[in-house]
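Have a look at this one.
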Amino acid sequence: MLQVKGLKIQQGDFALGASFDVPLGAHVAVIGPSGGGKSTLLAALAGFLPLKEGKLSFQSQSLVEKTPGERPISMVFQDNNLFPHLTVGQNVGLGLRPDLKLTEAQKTDVEGALKRVGLSGYSARKPSALSGGQIARVALARVLLQNKPLLLLDEPFAALGPALKVEMLELLKELIVDSDITLLMVSHDPDDAKRIASHVILVAEGTAHPLAEVGKIFSNPPEALKTYLG
Amino acid sequence: MYSSRYPPVALKDEEMKYLTIAAGLVMATTAHADTPVLNVYTYDSFTSEWGPGPAVEAAFEEVCGCDLQFTAAGDGAALLARLQLEGAHTDADIVLGLDNNLVAAATETGLFAEHAPLNAEYALPIEWDDSVFVPFDWGYFAFVHGEALEDVPANFEELAASDLKIVIQDPRSSTPGLGLLMWVKAAYGDRAPEIWAGLSDNIVTVTPGWWEAYSMFLEGEADMALSYTTSPAYHLIAEEDGTKASAPFDEGHYMQIEVAAKLASSDQSDLADQFLEFMTGEEFQTIIPTTNWMYPAVTPAEGLPAGFETLNTPSISLLTPAAEAGTVRDAALEEWLSALSQ
Amino acid sequence: MGAAAVALLLFLTFGTLIAVALQSEGVARLSAADWAAVRFTLLQAFLSAVVSVALAIPVARGLARRQFWGRSLLITLLGAPFILPVVVAIIGLIAVFGRTGVLSDALAIFGLPPVQIYGLHGVVLAHVFFNLPLATRLFLQGWLSIPAERFRLAASLNFGPADMRRVLEYPMLRKVGPGAFMLIFLLCMTSFAVALTLGGGPKATTVELAIYQAFRFDFDLSKAALLAMVQFGLCAAIAIAAFWVTLPASMGVGLDRVTQRWDAMRTVSKISDGAFLSTAAVFLLLPLMMVVVRGAPTVLTLPGPVWASVGRSLIVAFASTVFLVVLALPIAIWSTTLKRRSVGAMVEGMGYLTIAASPLVIGTGLFIISFRYVNPASLALPVTILVNAAMSLPFALRSLVPSLLDIEQNYGRLSSSLGMSVWSKMRLVVLPRLKRPLGFSCGLSAALSMGDLGVIALFSDPSQGTLPLMIFRLMGAYRMDDAAGAALLLLLLSLSLFWLFDRGGRTNAAG
């Protein structure tokens, strides 16, 4: 279980408070208006922003003192998920060894991961030769190899067209469905949430609301969500 | 010194040698490990292939059983600065190319040692009695011009009034430049700043050494260059060109006596003494007139070479005694700098 | 490592200054000639800056609003003086403007007397040759930074040329002009090789040259030190003044755009643009062409010592490039990874110190510190390598720091979320992504060191000279054909070195 207790983050004038628990294996959509603090929340969970106060733990182990790399978290950003000067295979391989000194077995694993995201044989290409959807797939392949229990996605498919986005969400779902990965995905599209999530966290006006089940929250939205959905 | 007025051809001979020396260094250390090396710092034109350097080197190495190496270390006055700069670390055993105007300043540095007694019969226009500095040639400074020049000025005032273009040398780096400074001072005394102010618009540029100035003159960048009364002998004898002449000045011509001395820090003291003795001897002195184009310090047995009799001999010779030269130099340099920097 | 590099830099700038200050104690008097040198230094820098800026404005305007054949070539050429060795340019300028040069020959046809290049006007001429292109590029950037929509709006409002100047151009010139002026002023303050070769004696002596003379002519260390203090004071004052007007970034990109100008269709402005552009092109190209023409016949038959000096110059160029990387990378990385950005900016700022520092002041300081222990001539090459590396540092930081900030911003989080160690990140992320700016910096440094004639003149021993020093001596001996041959060689070497490194940084630098 991911536990967030009395979390406070201060960024200049902007402050974010959060308290919620996420059960293991939950698929959570983090939604809310832009500027509300969704990305800030994820950055804080991943360890990119210092906490002003509060507790943060996973499986009863505090994460606060851990560096981003030490946390049981893998992450996909909005963009710049791949190093453009490294090949696809190398970019994925980074998920296994950040120094890229891969064994033969690990290289096979890289190929396997690429196959799972539908990119067999793309290993030697450079990211500049890939489409937006393919780049997202490579990032997901790396996440698979990282094999961390927590996966944070910060609007990873925002730049893709609607059809492609649906395709990617389906792929994502397929990839994690058999695992007990806990997923937190930022999105500004409620449909995304309905499509992939079991739960929703609404972040608005500097507050992250507690976890709600996806069926319940959309059928009976609280005030803040109503405002957001319009 | 700078009167070796062959056309500025060669890259200095010593530089050519640099490569060969560098290449042969490994062998030399084994095969000739016991051959002593005598390092002589001198001015650029002395070591050029048309200068006295090659002949002197061959002649001395025949008698000394040593390796004589010339290093061109800038121009006469800069030589002294170079030695001060290197101080006790210098490789030089001998410096060749200072002159009477620098003797006092050079003595003050304490870098030089007394030489072994010599019994040379100097043919200098003055009495020479110095236990450290040994003269090897002498001459009169003069402005040299080509045939085409009309209305050759007869003194500095006429020169200043004309619109002739001249190149001169920097008195801080070059002994002819310093000589010119002393010349104007000796001829005009307190009026020297006024003369310099008048000359200011005639001066194309001030070069660091004789070589640069004389080259510019030969290339047509100026009508006249400061050199020596003996300079036309080069064109006459070596090039059979009688068109170059020195302009006789009625206020007199300043003299230069070029000297060499042994470094106190030398590890080849005896060899250095041997060189200084050789320098005042017949062989060296015979080489001087037609390579350095100056009057020899000791007249060789055969006398001066044919052609030298055609040269102008000044009716008035000017000279500041070596002992006073240092003081005069400092004051005159200040005047020169401020007159020309306005 | 970053701290060590900064410490070395501080030693080079302030440490040597302290050595100089201690040496200059007791002789606190400047002679009339020294004051003349101070006046001349300021005067020539002022004139050079004024003339460069004044000429650059119409040339840049022409470039900004005209599309013509050879335009991009001309703009590329405007970047060349940056890596053009000073001696090469001087040989070219003498061949054009000297008493026996092309211009004098042309004047003689009309019965006019030949021109002289030595003296104040020669020094200013050479400085304008180097800085007119720099100023032109700065103003061109200024013009192109005015959004095209504004020109369209102005056209729809039926602006005449005067309205255009008042509303659009003057504000831009007021913004770019002072910075360009100060930058050129500062660069000309420390000019040495130009004054050394084209000055005409005491009348045209810069402080930098006076330091050299006090050293090499008089061996008056106290005087040299005193002048070094004066030079430092002048540069510091100018640099502080420059700080207020914010120096422009000289490495602009995207100069291939042309602004559409509906007000410049009149014949008068077409003719004036054409005149300024062609004059500038001839002024910049002719001297270089003369170097090629005069140098081509002798370049392959240059005497042995010239080739030996080429070897030494290459060693200097490569060594100072390596040293530049050793200095620049740690400083750049340190300054961009420091938690407090203001401290980081301070570290970076220290890297820029050398832009106002005088190589001869640093050289004088190093000499004073070392000469009691070693033969200075044996230090000539090491000191040249060190000083050249320090002098290229500001340019290297200018291109490395923004790239590093970029890398950190784009990939910093990704790298740390992947748990990369510092070294893995350096090897796998930072260095590969830095290839381009690093290649550019190395190219610049190699070309600058290859062509430098500065501190080497202070220490050099004639048999240990670099190629530029050798050219200077050939010029001194008035062997202009050999000098031109050697200059052509130097030009080719400098350009190839720059091209090689810059190219090396571009290949395989994906994305």
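When the chains are written out, they are named A, B and C in that same order, and each has its own residue count from 1.
Keep this in mind: a residue touches a chain if its C-beta (ideal position, glycine included) is under 8 Å from a C-beta of that chain, and two chains touch if they have at least 3 such contacts.
Here the structure is a predicted model, which is why all the values come from computation and not from measurement.
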{"item": "Chain contact topology (line, ring, star, complete or other)", "value": "line"}
{"item": "Top chain pair, ranked by how many C-beta pairs fall in contact", "value": "B-C"}
{"item": "Distance between the centres, which are taken as Cα means, of chain B and chain A, whole angstrom", "value": "85"}
{"item": "Approximate Å spacing (C-alpha centroids) for the pair chain A, chain C", "value": "49"}
{"item": "Centre-of-Cα separation between chain C and chain B, whole angstrom", "value": "38"}
{"item": "List of chain C residues in touch with chain A within their complex", "value": "410-411, 413-421, 423-425, 427-429, 432-433, 435, 508-511"}
{"item": "List of chain A residues in touch with chain C within their complex", "value": "43, 46-48, 67-70, 73-75, 77, 80-81, 83-86, 94-95, 98-100, 126-128, 146"}
{"item": "Residues of chain C touching chain B in the complex", "value": "31-33, 36-37, 40, 98-100, 116, 118-119, 199-203, 205, 213, 215-219, 303-306, 308, 371-372, 374-377, 461-463, 474, 476-480, 482"}
{"item": "Chain C-touching residues of chain B, taken from the complex the two chains share", "value": "8-9, 11-12, 14-16, 18-19, 22, 44, 71-74, 77-78, 80-82, 84-87, 89-91, 168, 170, 172-173, 200, 203-209, 211-212, 215-216, 218-221, 334, 336-338, 340-342"}
